[in-house]
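So the structure is just underneath, and the comments pick up after that.
Labels run A, B, C and D following the written order; every chain starts at residue 1.
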Amino acid sequence: MTIAPAEYDFRAARRRLEAKPKSAGEKLVSLEDAAARVPDGATVAFGGILYSRTPLALFREVLRRRPKRLTLVRNLMCYEGEWAMVAGAVDKIVTAWMGIGLPWGLSRIMREYVESGRVPMEEWSHLGLGLRFRAAAMGLPFLPTLTMLGSDLMGVGGSKTVTCPYTGETLHAVPALFPDVALLHVHRADRFGNCQIDGYPHMDADIAFASQTVLVTAEEIVPEEEIRRHPDRTVIPGFVVDALAHVPWGSYPHECYGLYDSEPGHFGEYVAGIQADGARGVERYLERYVYGAASHADYLALFSEAMREAAAERGRELAS
Amino acid sequence: MTIAPAEYDFRAARRRLEAKPKSAGEKLVSLEDAAARVPDGATVAFGGILYSRTPLALFREVLRRRPKRLTLVRNLMCYEGEWAMVAGAVDKIVTAWMGIGLPWGLSRIMREYVESGRVPMEEWSHLGLGLRFRAAAMGLPFLPTLTMLGSDLMGVGGSKTVTCPYTGETLHAVPALFPDVALLHVHRADRFGNCQIDGYPHMDADIAFASQTVLVTAEEIVPEEEIRRHPDRTVIPGFVVDALAHVPWGSYPHECYGLYDSEPGHFGEYVAGIQADGARGVERYLERYVYGAASHADYLALFSEAMREAAAERGRELAS
Amino acid sequence: MSATLGGVEGVTANELLAVMGARELEDDQTVFTGVGAPMLASVLAQRLHAPGLTMMVEGGIVGPQWRPGWLPISTNEMRAAYRAQMLPGITDAFLLAQRGFFDVGFIGGAQIDQWGNLNTSAIGGYDRPKVRLPGSGGANDIISLCRAVIILTVHEKRRFIPKVDFITSPGHVAGGDSRARSGLLFGGVTRVVTTLGLFDFEPQSRRMRLESVHPGVTVEQVRDMTPFDLLVADPVTTTTPPTANELGILRSLDPERQFIG
Amino acid sequence: MSATLGGVEGVTANELLAVMGARELEDDQTVFTGVGAPMLASVLAQRLHAPGLTMMVEGGIVGPQWRPGWLPISTNEMRAAYRAQMLPGITDAFLLAQRGFFDVGFIGGAQIDQWGNLNTSAIGGYDRPKVRLPGSGGANDIISLCRAVIILTVHEKRRFIPKVDFITSPGHVAGGDSRARSGLLFGGVTRVVTTLGLFDFEPQSRRMRLESVHPGVTVEQVRDMTPFDLLVADPVTTTTPPTANELGILRSLDPERQFIG
């Protein structure tokens, strides 16, 4: 397995970006309109990490459109990667790690799809993949690093080395990764797409700057004034964003820092379904939570108010 | 003129950093104790930019100790560079630009010292020098970039190029710069040295991570709890900081975002002194504001309360 | 310069540059703007035909809305950050330019040569210069990294020279495709706006070419003030004089005439 | 494993690893800690002898003070960020490690070989593996970039193998100076802490060497559970059993025994 030249072609990526309008204007659309901007065959990068600030509402809407041949990129890929496998939406996973977390064990779905060769999994180290986004965000074809040297991960994507022209040392040249689409979920944005994140920023800003098309959901749409009052909280400027949808609880049952905690119990039920029935368990989950819930409101109605209130209470307490 | 290998020797810089304690403990010292940590011959990098958040109180205290053979590094060097020239403290200036600003014209002091060959000025582009700090902050000997290519700045420091191993393109390899000492001024810190900055962050964090010794002054020392309540505002963690002094108005008459505005009138008087008497004007300024003011309190007493109150009022209004 | 700069009584050089510069910017563009006249031109364009223009200012400032009467002296001060949307830091601001996010780079004048190269470093040799100029600041980066670059400058004989002593900020370097061959894969200087007229660069040689003269200025006057072999478009057009609306808004932004002179 | 793990009645494997791991950390150090037992060990050390220990957690979390009863399941969640001092982002957190800011990297076990190489990627070939493991996460970066690296793992025969199929996270690679020759200029695996004893790496060959056994464990038992030619220090010492204080504090951190088992 090796990376394709289109992934790190910074000249072509820049030409595409130059050709795109970078307006300071209105970005608000419906969740459906935002999701419709993910074409079949696209390389799609996710914001958030593992079960934190995952753009789940947006990705569920993408899955409802029955996409094909996606390449999904996420440093710590949670169960959204399993959904895409079972839904037949994904040709390749690019990640540093895939699962939910220690208590839920190895991903049986990942094992089934990867071991059978149906979906290749291209593995990078956490920093290695982070630097692929960073290189692209900086408009570069590569970044030097020490990480991954000496490991067999160097061979997975076809990593090359570069010699420092000053010191003569050999460094790993991490190739840039310019995704076609970024899916992000943030705490707040104004209608022009200026985005603010509370707590840990994960890799969202690099992913936004690296990607050709940037789709964002926000817990809250705030007046322009609120952004301008705290410009040092903004992490993605409006001219980078293509479409913005207002989606409270857009990451639930994953967490959103300070707003709501994750639901490990929900993960447990999901995994129990797989332990009982394998991929069929995921299909049933998708029927109920993805295809069966026509709108985000329908989806939220599948969780009790009390359960969400408790998640919000824990979220506030943990960030205080 | 070429850069010295010690500037970009990332192996030696890392070994020095490894050998240094990185304690989570107390960092509070007096301004005098902090300034005493700048040895003769050191390469000293300044936080802030031009007349914004310059660590002026700290540098005045450094000058009171009559240092010798310093190399001063700052992307936009304001009059503190002129002070060092006239004080005989500086062997070399590394910068992208030197002056105060358009209304004050070309720096006559810079012209006098640089044109006569007394103090060489090593010029980089703004991004080029920023990337020298960034490379060092990342623990690398160089970073690739497009900037400075095609210009005669490539020859000033002795820049080399690097070929991308994926695309074959030639890029400028900016050499890292690992300063001996960083001088920084921030809005607030706890006594363990966890630092927060409001408004524009300038290059302070990169400079802190790049430097062997990090000296900080803060407008306010806050309880640990306040840092832990807003960890997403912290830009430099305590284990990076060697010494911290509590210095309200530590950047005045330069600005500190949201706290006080700069004093263009003061710059005008300073420049008028030079227009009248050349370097002698700077000497008189140093006698009054640096050597003649034994403490920071003595220094502040040279400005009227009303003037500082007005600067604070403008500072609040401009950031609201 | 005459009292009828731009064909309008009482217009100053900076007013003319700001008005002519503002007209170069389009709505919904992104502009990386340097200190001085480019800042005036950008904020004027915002108030005229380009409300959706996003300014990036060198101090790491995105989307400010400057306050009339409080225009910034430098790109690194609170007046420049007034009502900003984001403050990403200086290095990261320039890296966004390297990624290709800025439609226009907008910088002020200096010594400029027939290929649009700028010298703001040193006249008469770098190490022991006759005149040490302040340096690049961000001009080198803006000219190297933005998609299109517009230079605004007062048109004086001492500023326009055949070949600069030192290329601080590369225009078309030695002409032809030499800029791209130097490794600058993107962008390039597209336009020079002066107090006498508007210039572009002839596509093959990449030498400066007079496109338009301001009202009341003749081609011969421009040639006289340009000590190199200036190319001249055929025909040369004449720019529209600054309008009362343009001047009125500009003057309302700087009521004490601190910047417009 | 016996009911008297570490020589103390009722001690679980994770408790033993946490206690023995905590003892490896010193006050005023910086530790980049991975998920699982290393997190338990770090927070225990903080509450014991190392109040000035700064934890960096992979999610981009500096200096948290975790809340008893609310220990984090992952390195990327609010429980892990509880009372943090700074949240710099994931890439920047690892870049601080690359700069050299972390005295200790602390990671959990997997398949480990005699040179301390870890495999968490694939058993039986990468492209069509017999077992696809979850992947590196940040383990490769921690092991590559920190000054000293400590590995905590349950000591099982299936985990200790002569040579891993796939090096996800490089220990001493093929021994000798092969790690440095691969370009990893800094750091290296210094210590392995298991449920049976403590190990270092012999300085020349860089092969794993038994230093100490936990109370009640014999060298022969360790050899039996280690299917490669294990070096053994002379003499082998015996570790001090977990103390009531250590266990008491550890158990108070996880009263529902969610992590300690």
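As a working rule, contacts are C-beta pairs under 8 Å (C-beta built on N, C-alpha and C of every residue); 3 or more make two chains touch, one makes a residue touch a chain.
This structure is a prediction, so every number in the text was calculated from the model and none was measured.
Peer 1: Among all the other chains, which ones are in touch with both chain B and chain C?
Peer 2: A
Peer 1: Between A-D and B-D, which chain pair is linked by more C-beta pairs in contact?
Peer 2: A-D
Peer 1: Could you work out how far the Cα centre of chain A sits from that of chain D, in whole Å?
Peer 2: Their C-alpha centroids are separated by 29 Å.
Peer 1: In angstrom, rounded to a whole number, how far apart do the mean CA points of chain C and chain D lie?
Peer 2: Those two chain centres are 58 Å apart.
Peer 1: Chain B to chain D: how many Å between their CA centres?
Peer 2: 40
Peer 1: Starting from the mean Cα coordinates of chain A and chain B, work out the distance between those two points in Å.
Peer 2: Computed from C-alpha means, the inter-chain centre distance equals 38 Å.
Peer 1: Hunt down the residues of chain B that sit against at least two other chains at once, touch-wise.
Peer 2: 11, 139-140, 145-146, 161, 169, 171, 199-201, 231-232
Peer 1: Mark out which residues of chain D touch at least two other chains, giving numbers and ranges.
Peer 2: As it turns out, chain D has residues touching two or more other chains at 81, 87, 95, 98, 145, 185-186.
Peer 1: Determine the shape of the graph in which chains are vertices and touching pairs are edges (line, ring, star, complete, other).
Peer 2: Shape of the chain contacts: other, as it matches none of the listed patterns.
Peer 1: If two chains touch, include that pair; go through all of them.
Peer 2: Pairs satisfying the touch definition: A-B, A-C, A-D, B-C, B-D.
Peer 1: Tell me, which parts of chain B touch chain D in their complex?
Peer 2: Touch residues, chain B against chain D: 11, 13-15, 17-18, 21-25, 136-140, 192, 194, 209, 227-228, 231-232, 234-240.
Peer 1: Which positions of chain D touch chain A when the two form their complex?
Peer 2: Those in contact with chain A are residues 35-36, 58-61, 70, 73-74, 76-79, 81-82, 87, 89-91, 94-95, 98, 121, 126-138, 140-141, 144-145, 166-170, 173, 178-179, 182-186.
Peer 1: Write out the stretch or stretches of chain A touching chain D in their complex.
Peer 2: Touching chain D: residues 1, 49-52, 75-76, 95-99, 101-103, 106-107, 110-111, 114-117, 120-121, 123-128, 130-131, 133-134, 145-153, 155-156, 161, 169-172, 199-203, 205-206, 255, 257-258, 261-262, 264, 315, 318-319 of chain A.
Peer 1: Across the complex, what residues on chain C touch chain A?
Peer 2: 28-30, 52-54, 62-63, 65, 81, 83-88, 95-96, 98-101, 103, 145, 147, 185-186
Peer 1: If you look only at chain A, which of its residues touch chain B in the complex?
Peer 2: 5, 8-11, 139-146, 160-167, 169, 171, 173, 175, 198-201, 229, 231-232, 320
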